[in-house]
Amino acid sequence: MDNSVWPLLIIATSLIPGIWIFFIPEHQRFLRSALNIGGALIKLQLVVLVLIGLYTGEVYQIQWQVLPGLELKLRIDGLAGLFLLLSAFLWLITTIYAIGYLENSPNRSRFFGFFTLCVSATTGVAMAGNLFSFVLFYELLTLATWPLVVHRGTQQAIAAGRVYLRYTLIGGGALLVGTVILHRLAGSPDFVPGGYLDDLAIHQAWLWLVFGLLIAGLGVKAALVPFHSWLPQAMVAPAPVSALLHAVAVVKAGAFGIVRVMFEVYGIEFAHGLGMASVLLVMAALTIIYGSVRALFEMDIKKRLAFSTVSQVSYVALGIALAGPLGAIGGLIHIVHQGLMKITLFLTAGNYAETLGIHKVHELSGVGRRMPWTTVAFTLGALGMIGLPPLAGFVSKWYLGLGAWEVGLYWVLGVLFISSLLNAAYFLPLVYRAWFGEAPAQWPHEQTLSTKFETHWMLLFPPLITAATVVLLGVFAGYAFTTLGWVEWLVNQEFNGL
Amino acid sequence: MMDFSGMLAMIWLWPLLFALGLAWPRLRPYGIKLLPWALLPAGLLWFGFGWQLLADSSVTLKLEWPNILVGTRLNLDRLGFVWLSLSLIVWGVAALHSRWVQDVYAWRYALFFLLSLAGSLGLVVAADAVSFYLTFSLMSLAAWGLVIHERHASAQRAARWYILLAILGELWLFVGIVARAAELGTTDLSIWAQTSSAGWGLALIWLGLAVKIGVPILHIWLPLAHPAAPVPASAVLSGVMIKAGIIGWWLLLPSQAMANNEWLWLMPWLGVATMLFGGVLGLMQTDPKALLAYSSISQMGWLIWGIGWVWQSAQPEWMMLWVAAFAFHHALIKAGLFLAVGWVKFSATQARWMPWVWGMVILLALLLAGLPFSSGALLKAEMKQVSADALYQLPDSLLLAGSVITGLLMIQFVRRLARLEVQPKTLEKPALISWFSLVGLALIWPYAFMTPSWDNVLSDTQPLLIAVVFATAWRIRVNRQVHLAPGDGVVWLEAAGVKISQLKKHQAWWLKQQQYLVYWRLKSQQKLRRFSKRIYQAERFFLNWSNYVTWLGALLLLVGLSQVF
Amino acid sequence: MLVFDGLLALLILGLAWRATSSRDLFESIVVFIALGLMIALAWVRLSAPDAALAEAAIGSGLAGALLLATWSRIEPQTDDRVRAFSWSWALVFSGLAVGLLLAFAQIPADGQGMMDEVQAHIPQAGVAHPVTAVLLNFRAWDTALELAVLAWAWFAQQALNRDHTPRYQALDGEVLQTFAKWLTPLVLLVGAYLLWRGATEPGGAFQAGAVLAAGLVIYSLAYQHPWRAGRLNDWVWRLSWVGGFWLFVMIGLVGLAMGVGFMGYPPAQAGGLILLIEICATLSIAFLLAAMFSGHRDTETLASKSNKES
Amino acid sequence: MSWFYQAAALVLLVSMLLSLFRVARGPSYADRMLAAQLIGTSGVALLLLLAAAFEQSALRDVALVFALLAAVSGIAFTRVAKSVKE
Amino acid sequence: MSWMLPALVLWPLLAATLGVLHQKHARHWGLVGALGTAVLGVAVMGLETSSWTLGGWALPLGIGWRLDQLAQWMLLIGAIVGLFVSVYAWLDHTLPRAFWWLWLGAWGAMNALFLSADVFNIYVTLELLGISAVALVAISNKAGATQAAMRYLLVSLLGSMLFLLGVALLYGEYASLDMVYLAQQMQSGPVMFLALAAMTVGLMAKTALFPLHAWLPLAHGRAHAAVSAILSALVIKASFYLLIRLWLEVFAPLDLSLAFWFWALLGSLAVLWGATQALVTPSLKQLVAWSTVAQVGYLAIGLALMIDAQAQFSWAWGLVGLILAHALAKSAMFLAVGNIQQRAGHDNLQQLGYVLRTERKTLFAFGLAGVSLAGLPISAGFLAKWWLLELSFDHQAWWLFGVLILGSLMTAGYVLRVLNLALTNQAQTQSLQAIPAGREWLVLILASLAIVSGLSAQSLWGG
């Protein structure tokens, strides 16, 4: 088979089921689930095959001219592979979860349709081979996620959806303008490690403007302060959506975009030379602190997790902006690690809400005895977020710390310190309550979802699996097949490939 | 000769495996009973390595797993053997005593016990910074479960402060480690021990570990946590875990560098200050366990002082053995004392054992206070002697004061213990035997490598005598006059916290702002609606025919004229 | 003659102003009828008798009748009333007027247009009168489309006028009927005459059609609609509306097939074909205009209407 | 063109102007309509005059059509006026 | 000349007249006419581009026809949209049969317009188009449709008259009516400016460019859905097509220095005003109609950007892309609204929640069309807007960036106003009318085309 088919296949495995699902009548549960899970499995399989191929030096790309000088290009490189694997894997997980979660709720076809489209867009974002293509899929992602945010259809959900769109569309506009300007200045060549703007150093003012626009556009999704406000509001969405939004799709697309822009458009050394990296660094640092502080004062579990995301995702930007190889490693692995940890947290939070009706922090008391496995997963996710070894979060923080030292930005270590402290401050009370709190006589809204397990098996296993990966990726970080190994390989390309 | 290097991982993975096993509900009832078995690999290693050490005292076990975490190294040398020994003994005895824990959540106690056991054993063999950090954190955080186990208000309060300080320490440590690792480019501790790096990285590591040691100001968790935990847990907390900080200082900080200007006087003075600080505050306690906790702080002063001059000596590796020996001494005795509290408390029904128990208590108190020919006296004397070649010397009188105050504390302890309310519990024979053995070991172990001489008897007796004199002369008990709640500074901090939270509660202003926000939102919605309506009606202007035609004419004029000009 | 032309121009302007600004709709209509006459005179003064003829046919007769008929049926509308005066209006249009004057002053007075070209090709055109040659030969496509416009205007009117109420009361005056009886053949005769004249002189299908239509209107005012009585099949009427256009474009296509291009005639047959087209076009125009005036109610429309109501 | 024709044309035009006054003033619809008819009649005369002056026979056709069709609006008015209240 | 070109005009006109004759089967005649025209419209893409004179009369005398790429594309757009609208209308039994002959008349007129290179002939086709379009509005049985049609009629006539004035001035100056010939002769002068102004303003009124737009929301909002689709997607494009021809070809030799500002400002105002109204209007149909006003603004901006001499002419294809994108999206949108309106029996936005939610295919189509309108990827609309942005950059017209982006955001805003309703939990309040299933699919396919055609945008540039 021709290599150029692969990117299309990878998108098609979610796009086709997605569109199909829209038109499946509500009651045909089996067909819908089969399409969903089948698509997810095939996609995961394809991604794994592609990654193996990538390791052996195969090139997967396909392009299509849409306007003169403007190509729509899909290409799978190492960075794309990282994001692809993350999204394919987490899609499978969340799909299973969502099927369990939304059992018997209305409008499921619509939900799963958009859910699947959302993943298609995410894989598109991953595989976009140039900035133009990236923008395309990035915007698609906005559109596909909006109905998910609003899915519940309540007044609150609609308001949240409105806020979400206001932010993301305006951000998209900024991104688009930046892309156009860049296109006129430098064309739209492929992403290339080290960037392609070196010749344009004379247009410094332009490059700064474009940088501002791009970062503003990407920062909205990546929830950089001050573009973050949509994220906590978007929490009204059903749990699998929040999980997907926070762990993979939206937030990560933004972070991933920042990586692409800094590494493969501007080139990190170039951006650093112009001082852009420092701006990003400060923004990321502020976001990290601000998000954590806000999380501390949120008494709604999902909102607390949301602010935690605001904070955690900026680690990616932080790592990139450090402009050193070690920091870059830290940032890049955090794309995956944060994804796994955060999805674990959101899925477990969803479990609490769905099984027992728990939404607030104080309601968590004693839930560890009622739902021990869920709580184990939650605990692992939370501890990972704090950055305790040997969990995945530790590896990220470790490299971020090393990266900060490497480039002599010692104050970043202070940021890491404060952030971790705050992480602990807002996560540990939850863990504590869950395990040690007094269980109430009656849970807020208890449902019997399973006789065998503490909750429906489709709700229980996904977070357990992701929690396990959080542990595994931390413990076996040194192996080449883990995120760390892969990212080291990538970062070598960026920093030595010059 | 057998290769025990694989056991380096086993000693701490094995308890972790036990901990995992507890996830299976059926195993939970056996959790407590299984605890001693968690020490099996550690015991084997101790035994096997002990034999190897006898053959060659410089032998080192090594294990490398480059792909685990960011590169894992484990090793064990003779210094490690000392640490391992004290850990093994104290944990073992505590494991046997854990049967005292009989409530519904006993398995949970077992879980945290196993986890912190794993961490505690792991950090002994850790030879890279990340492994150390990992095991250290595991130990610290899991111990939180032990502190909170009894769940009463004071336990919760203690746990809160414990975790706060523990995490603060962790993070200082983390940042420090990151800084050093980044600068040295490796996490291998054998390189770390020899290479210096930027001062504040060292300072952060020092600070992070100081929390565990209970250096004044950072000590506040300690007098809360030790009394709150179940007795065997207090024993390990005070006997073993507190030493982890010293181990960490030794492993993570470069000894030569630590003897430079800033550190030269800091460590000895801090040591003495800690001795006196812990002692004085301990005297103001009424709870025997709290008193013991302060005593531990005080004893840590000796170790701080010790490691201070070890760093300054020419042969730190060798000198460190003395400090380790003192740690060993303290570990055995302090564990024994804590367990003694348990025995006194729980064994009222076994009246025939009581004389024995009291005998042991007094013996232990004397050992700690420095009874001549005992380990305390011998080691203190030896340490003073070998520290003579250190660059910075402290006046002897200060150390004497430290010894005196230990004596006073012990007297006070025995008095307090006698007033303890008792709760009957079944007698655990293995535990009792292990306790007796522990005391026995504490009594005799120094003679394995030290020969006591009569020359120093007078000077050795000096502090004890002064203490007795003071205690009898000063009939009015200190703690009746100047009673201090355990955790000293915590009390003020908590009071301040309450004040602040009350302050916030009464801020009607804040509430008003929120109300105003809601009002403003409603109003702006209303305004928007009105604005929409106005916009909608504005189209009438364009709909009007005469306007339409005027526009048309105006445009005609515009296009025409714009081209002309 | 300058005085005459000046007076005429003033009259036209004054009438136009009056027609648009009058508050009384009926007055506007009457002024409009008068305006038609003045404009015809203006065409005469501009040496455009063809246009004058067309204006006469439409402006004086049909337009007046149509406007009156409409006037009788509409309610005065208030929302679109023209404002009496506004500064913006005055400013814009006085500016526009100045601009127009300035621009027109630049137009060369001796513009001959394509007259030379036309004259040069008259021999091949099949007709002698240049206007007819242009309309039916050189620019036959325009004319064919104009026929379509007329037909579609009627279709459009049918769509607009959906209530199908008759516009006039039945007539019972003896005088009028007699008058109509005498007038109708006269009108037919004039129509045929104009058609015939078209080959050499001003005149032609449109003017003839308009005159014929006026005859039909008079007839229908005096008597029942011939089509309403069912005397003629609906089909015939419908065919008469589209027949002219059909024939025109069919002949145009024949031209394409014969190699003289779409809408072209073989030179030898040009005269005859043009006459054929003109006759059919005249009939089409006449019936279309008449239908537009009096409204057509065929049986099917009635049937579909009753269906809708039920 | 002779001065006679000119003078006659002017007179006719002025008479049309005068009848316009009646169109404007009314007062009844019938007054207005009749005035319009008068304008038509004057117009036909004017056209014939012009035809003679310019020796353009086509203008006689125009006059003919005018004369014929002026009746249409007249008839239409009589039909309409019946159904309209003034 | 290929027989296809006359057939392109005559086929729909004759089919329409056959419909008039044989009224019982007007619907079927209509479909026959539409299918044939659509096939021809597509087939014409394969013809060689060339020019001809009708009747064999050499140019200054006869009428010129010209088939260039621009005309081909316009014919193609007409064919695609026309086909879908026709099938849609064929499936809609509530349409009066007059629709068919009026629609086919309009289509034939448009085809004649696109083929013609003669300004007077174009005037005639404009008349035919105008009269059919006006009547199409009038056949609606919605309240106020007749008034709207009357207003439209007046505007249309006024526009035609102004156009005719321009034609007359051109003829007076150059004694020719052929656009190519005129462009060659064109010289600056007050008369030409007057001609340009008259024709431009006339066509602007017909295109409904702000501030001459007022008739459009009334007419398009009250007309039948299929009619609105035709009017919005095609009819106003015909007059805009003429604006392109005039400004970029006939009058291009004039020094049009301020033209950029003229078009760009009016276009921007149109974008903003149209979108603002769409954001506040209470009726779904009106919303879509207002969107047309806004989108016409984009066309004007596109024209503004093309008038500058710096831009290479090949770039003008972006304008066609813009027209194509809007034609497909807007027709799909109106047809979707038609489905919804017919299903619910009204188009009052506030009460459509339930209907929108149940009509999944239609709503999806509406969403897709909205995506294209708002210029979100990867639709044709996106590429068109990309093109506008690129040109704005070249012109250093930064403020246009703001307008374009703001316009897109507002577009997204009003599209989402509708989609939002579908996501609410509004309960069913009225009984729903049945509509043929085919119509849903039809709309969906058309909307998908609006997206997919973006992928083939390169072909506009001959790629």
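When the chains are written out, they are named A, B, C, D and E in that same order, and each has its own residue count from 1.
Quick note on the criterion: contacts are C-beta pairs under 8 Å (C-beta built on N, C-alpha and C of every residue); 3 or more make two chains touch, one makes a residue touch a chain.
None of the values given here were measured: they were computed from a predicted structure.
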Via touching chains, chain A connects to chain C in a minimum step count of 2
Ordered by label, the neighbours common to chain D and chain E are C
Ranking chains by how close their C-alpha centroid sits to the total C-alpha centroid puts first chain A
Per mean C-alpha coordinates, the chain lying farthest from chain A is D
Max Cα-centre separation from chain E goes to chain B
The pair out of A-E and B-C sharing more C-beta contacts is A-E
Here the gap between chain B and chain C, centre to centre from mean Cα coordinates and rounded to Å, is 106
Rounded to the nearest Å, the gap between Cα centres of chain A and chain B is 37
Chain centres from averaged Cα atoms put chain C and chain E apart, in whole Å, by 30
Distance between the CA centroids of chain B and chain E (whole Å) is 78
Check: chain D positions touching at least 2 other chains come out as none
So chain B residues touching two or more other chains come to 545, 549, 556-557, 560
Residues of chain C that touch at least two other chains are 99, 103
Chains touch in the following pairs A-B, A-E, B-C, B-E, C-D, C-E
Listed in rising order, the residues of chain E that touch chain C in the complex are 1, 3, 5-6, 10, 13-14, 17, 20-21, 23-24, 52-57, 60-63, 96-98, 101-102, 105, 108-109, 112, 120-121, 124-125, 127-128, 131-132, 134-136, 138-139, 146, 149, 169, 171-173, 175-176, 189-191, 193-194
Residue set of chain C touching chain E in the complex reads 99-100, 102-104, 106-108, 111-114, 117-118, 121, 137-142, 145-146, 148-149, 151-153, 155-160, 235, 238-239, 241-242, 245-246, 249, 252-253, 255-256, 260-265, 300, 304
Seen from chain E, its contact residues with chain A in the complex are 314, 357, 360-361, 364, 371, 376-378, 382-383, 386-387, 389-390, 393-394, 401, 405-406, 408-409, 412, 416, 419-420, 423-425, 454-455, 457-458, 461, 463
The residues of chain A that touch chain B in their complex are 326, 376, 386-390, 394-395, 397-398, 401-406, 410, 413-414, 416-417, 420-421, 424, 428, 436, 474-479, 484
In the complex, chain E touches chain B at residues 154-155, 158, 162, 190, 193-194, 196-198, 200-201, 204-205, 211-215, 217-218, 254-256, 258-259, 262, 276-277, 279-282
